[in-house]
Amino acid sequence: MDFQLSDDQRALRSGMRDLLGAVFDRDRLRAAVERGGALDRSLWRELGAAGFFALRLPEEAGGVGLGLPEAVLLFEEAGRALLPGPLVATHLAAGLVKGAAEGEEVVTAVAGDLAVAHLAEADAVLVVGAEPPAGEATGAESLTGEALRAFVAAARPVRSMDPLTPLHSARAVAERAPAATERTPAHAGRFRFEAALLTAAEQLGSAARTTEAAVQHAGSREQFGSPVGAFQAVKHLCADMLARTEPARAAVYAAAVTGDPVEIAAAKLLADEAAVRNARDCLQIHGGMGFTWEADVHLHLKRAWLRAASWLTGAGTEELLAADLGAAGRLPRSSAAPGRPVREAGGGG
Amino acid sequence: MDFQLSDDQRALRSGMRDLLGAVFDRDRLRAAVERGGALDRSLWRELGAAGFFALRLPEEAGGVGLGLPEAVLLFEEAGRALLPGPLVATHLAAGLVKGAAEGEEVVTAVAGDLAVAHLAEADAVLVVGAEPPAGEATGAESLTGEALRAFVAAARPVRSMDPLTPLHSARAVAERAPAATERTPAHAGRFRFEAALLTAAEQLGSAARTTEAAVQHAGSREQFGSPVGAFQAVKHLCADMLARTEPARAAVYAAAVTGDPVEIAAAKLLADEAAVRNARDCLQIHGGMGFTWEADVHLHLKRAWLRAASWLTGAGTEELLAADLGAAGRLPRSSAAPGRPVREAGGGG
Amino acid sequence: MDLAYTEAEEEFRRRLREWLAGVLPGLPPKPSPDDWPARRAYDTTWQRMLYDAGYAGLHWPVDAGGQGATPTQHLIFLEETERAGAPYVGANFVGLLHAGPTIAAEGTAGQRARWLPPVLRGDEIWCQGFSEPDAGSDLAALRTRAVRDGDDYVVTGQKIWTSHAEVADWCELLVRTDPDAPKHRGISWLAMPMDAPGITVRPLRTLAGSTEFAEVFLDEVRVPVRNRVGDENDGWRVTMVTLSFERGTAFVGEVVACRRTLDALADEARRNGRWDDPVLRRRLGRLNAGFRALWRLTQANVSESEHTGVVPGVGGSVFKLRYSGLRQELYEAAAEVLGGGDAFDLDREWVLDRLSSLSYTIAAGTSQIQRNIVAERILGLPKGR
Amino acid sequence: MDLAYTEAEEEFRRRLREWLAGVLPGLPPKPSPDDWPARRAYDTTWQRMLYDAGYAGLHWPVDAGGQGATPTQHLIFLEETERAGAPYVGANFVGLLHAGPTIAAEGTAGQRARWLPPVLRGDEIWCQGFSEPDAGSDLAALRTRAVRDGDDYVVTGQKIWTSHAEVADWCELLVRTDPDAPKHRGISWLAMPMDAPGITVRPLRTLAGSTEFAEVFLDEVRVPVRNRVGDENDGWRVTMVTLSFERGTAFVGEVVACRRTLDALADEARRNGRWDDPVLRRRLGRLNAGFRALWRLTQANVSESEHTGVVPGVGGSVFKLRYSGLRQELYEAAAEVLGGGDAFDLDREWVLDRLSSLSYTIAAGTSQIQRNIVAERILGLPKGR
């Protein structure tokens, strides 16, 4: 048992952090905010070149040949940096939609009645079936070309709360179940849970980032003659932020290794809670400045809310986790450890 | 509109506080704990003589002729003092069960599947029907003599978590619906809500008492060279205790004046929460000493838990309050104020 | 305890209601939130209507031009105007509820005559220059300097969180007139004309995307010494006096509005099917209990103020602590009612309100500060950190 | 990252499991919780069995008589013994996990030879005399005095929260040997024989009605100077050393037990019908997520410790903060599952556990103290109050 990142994994993570620091610094973040989250295609291609989308494609298919644990590290960095775009959908579309792996195409996804992100700029949309009962297989189908144009035309643009994520309402459209351009059987049963896990990784990155921002502010902002971080009320908010982040991190990393649906559900629930509540507390610690557009904390909060409502949502996740409990839990317990048997995870294409 | 206690009400309250200070001081409280809550009949008679049970009987029937607001003040004091016994049931039985009003008889009640308090020592038991749909009438019937003896014999004594409240499990017995000794039509539709309100008043008194105890301890206990109450973590727990108590107080007093079922449900919910969470926080503030049998805080917590599970419980109360909302809320809104019309309340006999 | 209103109170309510029913349909349409001149015009028009009908300065003392109404009448006024959908106090807020009362209590006869009538008539509006970037929770740490020069103070510094700065005529300004005194002792209160040279107003965008606030930069702004209310260096005490006009009514309209929102959420949930989720339903039920209790607590505070003449100012911290948290919970529930498809659509009702509600635990004293006040001033716990 | 266990680890698990399956059925029945001599006998018998089978002091260094097992093996040991329903460490707790490791790290060769083997064999048990009535969270404020008199210290004072005091052979005692030094500097660590004259043990009843703890009164108790471990006045550092033996495994058994309880709660709720309440059901689902994460966090801490050799002691505060709160939530949910009829019956499973769980946010550092530690030592926030 070795629950430490390998040297390669550490290098991958710091490489991604360095890359994002170079190609998506704070100025570019705020520029993206000012243009309402509209994508920078050259940045998208840079991500593609860095293997962000092709990460889990086999090397013989032009990919990097890594697995979910590595993907989770990259998505954590993306969450930290507030990197915009349908990252999860495009990553999952690598190998299915031509050009996705290279960052040449932008692929978004529609599932349930959640609004669709970045639809106007998408080159393809993955349509994921309605929320299935726990453990059941779900397929995803992709729309491009004429079918995509019809889909977009029927959707309604929404004035999005999240300035980094343009949204369309496509409820009525998705319900009419447009003819698929392409079936994607490879993803059956996996798409939704992998999407949830990668989204959880973004939440984790955001939760860690807002913790750092809160600590940084609390250590430098002075009121009543001392840094506000010297006051227990502030200090303890920060401590609770870390105490939400670290269990979520353990859950996300473990779920990436095992690929187990129940473990992914747990990871999503805890990462959602950590991202949302940490952003809230970070805002509170920033006081009035936290309420301004200029501070980045609202960007974290709004995206955390949006991600929490995506893929595995609170109610469905809780039910899945409840169904797992007790003698009636569907799968047999591992004899080696509390938890599911370790399944082969990884390769999404 | 005058939401202040009248001089008479203040006098009534301080009179009851003085009386309890004299006849149920801390020594007597701890003695009651050591005998497992077994009642002191002479104390019961003193309460009777002070009008605790006859408070709302008309003067011509030998009562005090006061109403629910005054009853709430007395029960608040009883809750503060941790006064043991089936106070609510005996109070509600005044005028129905001979001797209840005078404190000559001890009357308990059974409702739903909650354990029955003080059954072994009771001279009568009121059997209240199963939880009715919101707003519907419920009768209560009283058992004495042979029927009572049969009821007691069929019930099972329980090792009670609350050392001030001996309990019997009477689920099976109550379900067999024993023949009533006496019908109590006067209480139809009112018994359950009045019981809930008076229980909420006890919770309120307990919540206020644990706030005081926490503040007292925080102001005197020193660690790290200063009173622990100088530390924000402790200070803010105390502030939140008061912030739970005062809205609950407003809700309980208002519900006593209006007698409105939805308002009683709100009062019970908030008073339950205030009593339970304040006792929890009081225990936390007391640190290790709070975990000892010698400290009184566990007595408050255990009774608060027990009362919270009595009469209107969390789930049923929340549903009642939800049903009240919106255009579908059953009763028309008052034109004068948000809330139900002010109905004549009071006299329970 | 008697929650019934007196005959006089009911009569007051009836007359008010009749008047509202008559005038509200004739109001112009509400201006766009970003059109400040139009908002000022709309709000001051409404104030003039109140003035003409005898409702202006309802809670002000008669000798200040007010109506000298009881706290209960004020509560009824706020409740009824909210329920009828009448305009909010809006741009008149600082004049009617902060600067005006301060001048009424501490100003000279000449100052009262100059500044109070225009506030009541809606002729002039005020903004507030209290907070600074480095003086938020610790307001008394403010550093904006005022240096005496003949009959003027020359004021330099920066204020923040100033609402209506773009369209205000006057600013109630706290400045430091003695930098060497202990921080509460060197502050003075000035009425600054907003058209004075040296004032720059820069809108401050909030996370809700709106510009409800501004930063105000002051570069050697000359304010006549006669515009100082109260003694030099006595401004902290002068400002605290304002609170004595608050008689438990501060949140009446908001609590009424929250209860209306809660009813609307139940209706929407019944309509869109989410009512079938018992977790959400019971959550709305708990909110019902919470807001009902806050309404009763409001009545209790108002009633106490009416009885004793004492300001429930400290008890107001208990109220604000609960209210600000509960209001945030209300809009979290609203997001659940809307569901993932609509909760992120700024054009849907409640979505902007959800964002705005985030300021409630920060503005006018953070919840952390409120807990300090409750613990130290009500519960008597020792000062500390 | 590889959550699979190595072949060696699996082999260790297999052997342990076989051994447990062989010996557990032969154990005597568990003694009554109030019969301390019987509890001691039961626990030491079990320790002797572990010793004979080569599992005693699994995590102790080999040169201290331990097995020098890896943290992962220790995790497997704790997990398997808990899952098999083996006895807890019980009366051997202080000897195996506090006093023993301290002596192993800081004692002389003679002290190690005298005290360690009896702990491993289950011949002697230890209790802990650290806390005092006025030194709880602020342990370094302890006031029990030790005055040198020839070859003895003469010790007078009072200790509290001492488990197993009635049946212990030795007490690891913190005393103040220099009252004039700064509070952390004047403390020494002594091994006090519990049969020395002047010791009075008074059981302390908890709110759960049991006597898990005692007060220990010391009236001129003579403790030989040779029983001091470490230098005089260096006892605070000596005590802190104990922590270096904790390698993330402190709560392994408890987390496994909590997960088993959670499964049992689901089974009971399905049986009694309360599973139909989605509010309760979803609450249990959330708890599942929480405890799964704590299990994974335990593995991560153990793994980190194994890799780096560094103690995840501070990260242990993060763990304890979450765990203690979650354990209390677990038993609140248990009360809901039992329902009003059974949740107050002390003979029902989980009811006493609910009461005991109340100590988790207090004992071994309150949650308030843990938050200070996390904020100051991990996050680097400034000290303050």
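For the reader, a short list of remarks on this structure follows.
Letters A, B, C and D mark the chains in the order given here, with residues in each chain numbered from 1 onward.
To be clear about the criterion, a contact is a pair of C-beta atoms (placed from the backbone, for glycine too) under 8 Å apart; a residue touches a chain by one contact, two chains touch by 3 or more.
Please read these numbers as outputs of a predicted model, since none were measured by experiment.
The most distant chain from chain B is A, comparing centres defined as mean Cα coordinates.
Looking at B-D and A-D side by side, the one with more C-beta contacts is A-D. Per-chain Cα centroids separate chain B from chain C by 39 Å.
Chain C and chain D have Cα centroids separated by 54 Å. Multi-chain contact residues, meaning those touching two or more other chains, occur in chain D at positions 277-279, 282, 368, 371, 384-385. Within chain A, residues 226, 230-234, 236, 315 each touch two or more of the remaining chains. Chain contact summary for the complex, chain A toward chain B: residues 231-233, 236. The part of chain A that touches chain D in the complex is made up of residues 1-6, 9, 69, 211, 215, 218-219, 226-227, 229-232, 234-236, 238-240, 242-243, 246-251, 253-254, 256-258, 262-263, 265-267, 269-270, 315, 317-329, 336-339, 342.
Per the touch definition, chain D reaches chain B in the complex via residues 131, 134, 136-138, 141, 160-161, 204-207, 209, 277, 279, 335, 339-347, 351, 355, 358-359, 361-363, 366-368, 371, 385.
Those residues of chain A that touch chain C in the shared complex are 112-115, 158-163, 167, 169, 171, 222-224, 226, 228, 230-234, 280, 283-284, 287-288, 290-295, 298, 301, 305-306, 309-310, 313, 315.
Looking at the complex, you find that chain D touches chain C at residues 277-279, 282, 384-385.
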